[in-house]
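Sharing a structure here in structure tokens format.
Think of it as A, B, C and D in the order they're written, each chain with its own count starting at 1.
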């Protein structure tokens, strides 16, 4: 498979797509990014790297981080996690409080904000230096020691993140946040503020496609656990558009409001895209287009 | 009408009712009250007072205060209020976040917690010394200068009021709280913490039955405005049991989780009850029973 | 009180209001009515009649009939009714299925369509010749023997009433419809199709204002029951705008999508309006305006 | 892979599982099945068959049929289907009306009842002899000419299927059923009544694992379309437990309240289970257990 040619082809087709969707502005600092940034990067299981466009420029990974925080919590707590958060698609927006009320404070899955806050609470409980330890974990899975928080983004979200504060207090009222609400939010806003490029994301997510092993051979999760993480990304990774992504692209993945998407074909490759214009569900419009083209052109999909 | 005899009769019947319902415990300080406290007090428009049981003992008025904070906001802002809060019964629990999400941050009415928080925000904006000014307002409507906050109760709720914090942050995310979330919550928790007896409540609510005039003749609202306040208490004063209260009792009123209820027959009387055992809707079980007996025995109801 | 002058004044003011709202078209036959029809009729407890505009022209009373069917069911079954239907405002549209699902087939109140279908089912069970007996009941309460169904309207709704069919089947699935779904719907569509003028409605509703007695002295319900019927109209009579009607008008009443409204001041008068343009909640725009003027000008309201 | 040994092992482990869950009784005819029936059948892409237990006994496939009716509709209408039905997991029960109301009559996906009724409506519109043509289609995909409707089951559901009648009428009220409601329900109840064994289901679903080709080489859908059908089964095939099935089993599949489940590993095998005891989500308790064992023991999953 000539991946570089395929990426080139998709890139050209993407550039002529109508410019649909808007950059996320509810976090003021994110609004400073140029909306026409666009990059794709693909890394094969053999370690070959292919990239095009702005694939080496760092951006705010935001909710993409939820797959990594969940992995760390899963490695610490195992199946205990599911006593406090579910594994079902939510059928509603990523920051909805409705379902949380009907389901008595148990978030539907770890990728909606409520669920990610519960996972953040678990990490705050289980890690010695939560923020630093989580950063170190990503540096380990990626093998890249320069990955860091973007304090400006974290602060920006802290100043305006009333809905996340609402969710965290609501969870606390149900007893499903154990630590101080402020501390959990601080961890969560930092987790989301991490800056990475498409290329770096591929390395950080390599173990999802490689039966749990990083590129350097470190075992993050075992094979059965990796299967389950990928399954969760498949059904819940794209908010209330997970069905659409599965239907069109057919790969497990995770998106973020910074415009990034990571997807992967188990035992074959990891692919990341970045384009900050979001559709109404909060997913990158052009990123979804590019990934649909990829699985259509290569015929590679898990289904 | 021999009110003292009627109160006596109702009191006797109430004492032999099965002891149903539980005291509110979600505010730890409230849990210290003896569950069998019970008092009724009735004040006629002519100023005659009738009381029985613990009708002179102060308790935490909690949501009963919402009728008074709304009155103060209404006197300051008039019909402008309804741009930020509705006048419809909610069809859900007093602290539900669901409807708030569907209706984009506009609470259904000023008596559910979300609505009362918006009113609190208006008072924080519109009063020089919000807490003191509100206290003075109640001292004015009641003519009783010793009425005060219960700092222990306010603090107790502050320490555990995660759901109200969730609501306030949620409202803030919709832009329907203008001030600092902490400041609004502090005001709200103090407002709810006020201690009054049944007898004192009658005096504070006297103007609702007297076309807007306090017992001392101070005009709080005009006649048309009083009609509207009473209408709101009728349709929304008892959380998701307003229909039941209207059906059984047939008087406008307001309840609180401290176990208090105030109701009134325009141009005739104000009646308050206190019994801390609450039914599943958060209203005083025995208080509702006593008031139903009152309108049945006297044949006095607005309908 | 010079009611004729007041009606005259309100009528003049109403004519110059902007023509807001649309005629109901979901029942095709109703769409044939001229949208500018407008009438008001007021009947005092002493039997004096005042009218203006199209107050003697018959129109389809639609949901106004629900107050009468409920009365008949209440006289047959008493408080047993409330095992199958609630007394709380719904907080949602008149034909919503949502709340019905959350509350397991028990409609929130007898005035939303689901509740009225349960009442219809009770009447089908309890009456010998349901349709004829119900018609006779209205002829009795009004003293007008020419009141009749409009078969064209009934048929029109039968042909297009898919949402009511959905509600009835849904209720049946919960066991809260006992008879054949088709039979209940047939009764319900007929009940709603009844044609009456404002003037005639006043006579049919006379007993609600007269402690249960019709103009001819027939006891329909006792005083305590009438209080409860009026209470229900107050909290639930205007779909999801009952709070607004109570706030602005301050009288118990019932509206219908044919554009009719009946309201009443206990022991004083009954007033009916007809204007087919409906607001977004399905209530007559001009009718609500006229009634608000009436209670403002007369100072007469239950609050 | 020694599939027969593995099935044998799973079968033994399954027999000693606690007997959890109840047989579906809302369709009276289904209640006659013995709850302890249990069979597994696996067919490889090479045509090898493995079976154990009651794998050759026919049962009511119920909602398993939805994957086949969708396939037929997809082959007739292509992507046009998605104008009338979505591709997102529902986040609620299979027969919920709630989401349908919020989303204005567009069912979330073709596997909840509302969605399947829309698909049924499309087939009634697009087929000459809808019921016979659909039967012929299954006979074609399976290569088994004796497959048939169970008229008793179809009739049984017709007599009691009030909730489906509610859904169909509700969809009709939104204009998303084009044909006569009765005709669509008749088709739907027949489609669900089809009787097949595990072994036969494997043959009928063979093309899902074989890039669209039946065992006899007939092209049902193309490769890209098959990818999309499998994706839909993955995210929506198990009602509000699709996330759980994906998490535990990691294969696309479809379940039915008759106790059947079909799942498949693209390009490798199709596997069917039958055990009529259902969990609270309406899926076969033992079937899910057996399939989780299968992917755990073989290490074969799409993730």
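Following the convention adopted for this analysis, contacts are C-beta pairs under 8 Å (C-beta built on N, C-alpha and C of every residue); 3 or more make two chains touch, one makes a residue touch a chain.
In this text, all values refer to a predicted model and were calculated from it rather than measured experimentally.
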- [ ] Trace the shortest chain of touching neighbours from subunit A to subunit C and give its length in steps.
- [x] 2
Task: Copies subunit A and subunit D touch via same or different residues, half shared test - done: same
TODO: Could you grab the centroid distance between subunit B and subunit D? Build each centroid from C-alpha atoms only and quote it in angstrom.
DONE: 54
Task: For subunit B paired with subunit C, centre-to-centre distance based on mean C-alpha positions, whole Å - done: 32
Task: Distance from the mean Cα position of subunit D to that of subunit C, given in whole angstrom - done: 47
- [ ] Could you list the positions in subunit A whose residues touch two or more of the other chains?
- [x] none
TODO: Specify the contact topology among the chains shown, as one of line, ring, star, complete or other.
DONE: ring
Open item on the list: With touch defined as at the start, can you tell me which subunit C residues reach subunit D in the complex?
Closed with: 96-98, 100-102, 162-163, 165-170, 172-173, 181
Task: Complex interface listing, subunit A residues touching subunit D - done: 86-92, 99, 108-109, 223-224, 226-228, 230-232, 234-236, 240-244, 246-248, 250, 252, 266, 295-296, 299, 301-303
